[in-house]
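Chains: A, B, C and D, in written order; residue numbering restarts at 1 for each.
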Amino acid sequence: RGAHAAAGTREGWKPQDTDVTQCDYWRHCSIDGNICDCCGGSLTNCPPGTRLSPSSWIASCFNPGDNQSYLIAYRDCCGKNVCGRCGCLNTEGELPVYRPEFANDIIWCFGAEDDAMTYHCTISPIVGKA
Amino acid sequence: LAGGAAYAQEGPRGSELPKQLGQEATSDLEDNPVILSAPEPDARRIYVTDPAHFAVTTQHFTVDGNTGKVLGMVDGGFLANPFASSDGSFFGIASTVYSRVAKGQRDDYIEVYDSKTHEVIADIDIPESRFLVGTYPWMTTLTPDSKSLLFYQFTPSPQVGLVDIENKKFVRMLDVPDCYHIFPSGNDTFFMHCRSGTMAKVTFDKDGKVEVKETEVFHAEDEYLINTPAFSLKAGQIVWPTYEGKIFLVDISSGEAKFGQHFDVFTEEEKKDNWRVGGWLPVAYHRGTNEIYLLGDQRAKWTHKYSSRFAFVHDAKTGKRIRKIDFGRDIDSIAVSQDDNPQLYALSTGEKTLYILDAATGKEQHSVPELGHGPQVIIAHDN
Amino acid sequence: LAGGAAYAQEGPRGSELPKQLGQEATSDLEDNPVILSAPEPDARRIYVTDPAHFAVTTQHFTVDGNTGKVLGMVDGGFLANPFASSDGSFFGIASTVYSRVAKGQRDDYIEVYDSKTHEVIADIDIPESRFLVGTYPWMTTLTPDSKSLLFYQFTPSPQVGLVDIENKKFVRMLDVPDCYHIFPSGNDTFFMHCRSGTMAKVTFDKDGKVEVKETEVFHAEDEYLINTPAFSLKAGQIVWPTYEGKIFLVDISSGEAKFGQHFDVFTEEEKKDNWRVGGWLPVAYHRGTNEIYLLGDQRAKWTHKYSSRFAFVHDAKTGKRIRKIDFGRDIDSIAVSQDDNPQLYALSTGEKTLYILDAATGKEQHSVPELGHGPQVIIAHDN
Amino acid sequence: RGAHAAAGTREGWKPQDTDVTQCDYWRHCSIDGNICDCCGGSLTNCPPGTRLSPSSWIASCFNPGDNQSYLIAYRDCCGKNVCGRCGCLNTEGELPVYRPEFANDIIWCFGAEDDAMTYHCTISPIVGKA
């Protein structure tokens, strides 16, 4: 995939639970941006030198591995220019901006250290079962 | 050569003519190069914005629909919002930059350009709080007289910033309810769409006193209104599709929000065949013919921001379908020129290419490739 | 909701938690996210720089040759030059930014990063005069003790800037002759290559007194030395190919410039078959084995900056060819790790991909795609 | 061609004299950057809002149209981020940086108004017969 964010396809969301660096990894069901694992971070940790956002948008993602749905709280890693690797746009359950907590076009760096508000990449930690 | 010459008091600027080159570096030319100006904008002058997938610098291309030529471009910072005066005299961006590329000191500003020379005619400092979100056209909007600019702030709380473009200075932040988008109906009045599902009418006076009046709720909670409706400032008409292709019409030309007869673009049969709305700017509105253009395709649920291969043209008054255009490729955003022989602009973010079609026949007239890294937004003066 | 609340004295920062969201925006998590640190650099820790075809922002990727993983990245401004301390403790860039993206107030600076945390450990202001040119590795060079940095200034006149990295401050500009590139042989001495075809030895003392001594001319005027030679700081060895594949060797380890026995990589027969050097960084040098790697291909004259599909490996001492590696694709830049089991790094600017090969066998071990828009430069600590 | 500067090919320089927006147009024989005609300028004029450089590097380019060689003084148009359209890298007669007047990796904005030194695109005016 080029640096261009690989939008999902019209066929719809078909998640896998084996490769976190691919856009169809199940936790990325409503991610809009870059997978931190490809940028020096991991599925749930930010890359070196970035600033971890304490705020997040949320989505419920189905895990084909255990047939359970989980609430994911997508956290942005901020304070660097966009990573540019593993760009993805998935919108399962993504709501318009007037429902911000479910909207993934927003730069969700609110509260990060140094007032960092530039977008680098996103991690997909679990809140709990949906 | 020995010995270090005293280092000049006023440091080097790194842009001087190199002394060690002398004449070799500046030749007399047969040609006489100048800096061009773009022609006077007409209804087919459009601006294409490349947010470049959240990069800290963005590009805003000036394109002439008549020729398919790029007339020039201006640079924006992180997620810069473009705007253009309805009289065609200027355009601009609301922008955010940092002192060390993507960190350090944040600086938000409004930059205004002469629409022919593309020279900066105003650089206005604003609070470092404009909403940083994917680029939606109607979050930063000029008032009808083009003398003021209104920009949205999401945090720390919902506010709208008022900028005096004419006198080139920031005025104040206006408190607003938990609402989004800015649709001016007058020079002191604008409408927003609220989380509750209402429209809010916001009026402000010279001293910053704000009056807010909300309409009744006009759409159900699961009728999700997309982030990028079509809005005609001159007609005072908002055309607001839902994910599933229901069109809400809001007429603010009277100064009050009047809800028109909403209608579904897709027939029951088409809905059964999974026809749904999809794209970044999936809707456009042509004032003169009162026609609505909507990007749609057969797609799964929750794929509302992905591209579509078809545009459905409907009469806003009757809701009837007039025609359907097959682009034969994936298109992410559309717009139409407002003249009587309108062009349909169809932008592919993935191909970084703008296709210019005859809006009536769908015939391709021009294509404009290499528009940055991920172009998504098209705006015009005549709107 | 009526009335505008007093706009907070200290303006909004646009980065606060949005009041209107409250708890919904911050959830307690099962996982416990942290900010990672990269591992301690080894000989296979490399940095890939993307000048992005003259864009005003550049990216500098930290890559682990052992795993082929991107460990992190830092942002640079316009044509930022990367450098890395020979002890592996820090790396950095010499960078240029502007207050309004690509215009307005220019600011040149040196930024130094901890090689594990990638946090900024120094941000040093320098005169706005560093040389703005395609990214050549040896225009911005640390002294052997990694305590000072030397950067090249082309205009208004040839000078070299001295920066005290240890005390994080710019010291002074040193006048130099019309010469280019900076190859330190000591902490107060560096060599340059001059327009006249000589090497200049430049020595500077604490008070800025500069001594310059030029060698004899060591190459003919039409023996064009490429802009991107290989240089081993630790071995004090410069490996300088010409467009046609003649290798000049300059040993500065003694503090004087000693010219080794130059040799031609291509045989007379190969020359007849139009074999020539080509690429951005077309040469690499492995200290331990004293082997030179040179990118070459069959090509017309004046195509010296285009990619090549082969690397020719020669012994620097004897000039003999040891082996030839076929990449099977177009490669623009190469580098080698300095350990005893070296990796060969082969970068394709067009594919934006780094290929990591076993330097002995040429077998591919990893490939690292999506390295920006036009990556061209590879550097390492252990050099 | 993508935004990537289309380097010339190893086969060498084969100029045409009909389409100035293509990298193989004869005057572009030693251009490194973007053709201003694709950026709102023309073969010999800068786009709106840029700053014209008074300095230049030079090259001798063969015009297949009249079988003459001409000296071209490539001028950069500066003060904007790189145009990104019609990127070309040709190196006919291009010399190393220590022969700067023939070197095309240098940002040749020296002397432009406002000290503009960022690179936008390049124009190819003629000095005279080579």
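Remarks
Criterion: a contact is a pair of C-beta atoms (placed from the backbone, for glycine too) under 8 Å apart; a residue touches a chain by one contact, two chains touch by 3 or more.
Nothing here was measured: the structure is a model prediction, and the numbers come from that model.
Least step count on the touch graph, chain B to chain D: 1.
The distance from the centre of chain A to the centre of chain B, each centre being the mean of the chain's C-alpha atoms, comes to 25 Å. Taking the mean of the C-alpha atoms as each chain's centre, chain B and chain C sit 39 Å apart. For the pair chain A and chain D, the distance between C-alpha centroids works out to 42 Å. Listed for chain B are residues 13-18, 55-57, 75, 101-103, 106, 132, 154-155, 178, 373, each touching two or more other chains.
Chain D has residues 3, 80-81, 84, 100, 109-110, 115-117 in contact with two or more other chains. Under the contact rule stated at the top, the pairs of chains that touch are A-B, A-C, B-C, B-D, C-D. By the touch criterion stated above, chain C contacts chain B in their complex at residues 1-5, 7, 11-20, 55-57, 75-77, 95, 97, 99-103, 106-109, 111, 123, 127-132, 153-159, 172-175, 177-178, 204, 208-212, 373. Across the interface of their complex, chain A is touched by residues 13-18, 21, 24-38, 57, 59, 62, 69-75, 113, 116-120, 352, 369-373 of chain C. Across the interface of their complex, chain B is touched by residues 1-3, 38-42, 44-52, 54-56, 58, 71, 73, 75, 77, 80-81, 83-86, 100-101, 108-112, 115-117, 123, 125-128 of chain D.
By the touch criterion stated above, chain D contacts chain C in their complex at residues 3-5, 7-13, 32-33, 79-82, 84, 87, 89, 91-100, 103, 105-107, 109-110, 114-120. Touching chain D in their complex are the following residues of chain C: 52-56, 78-79, 96, 98, 101-103, 106, 132-134, 136, 154-155, 178-180, 193-195, 224-227, 278, 297-308, 349-350, 373-374.
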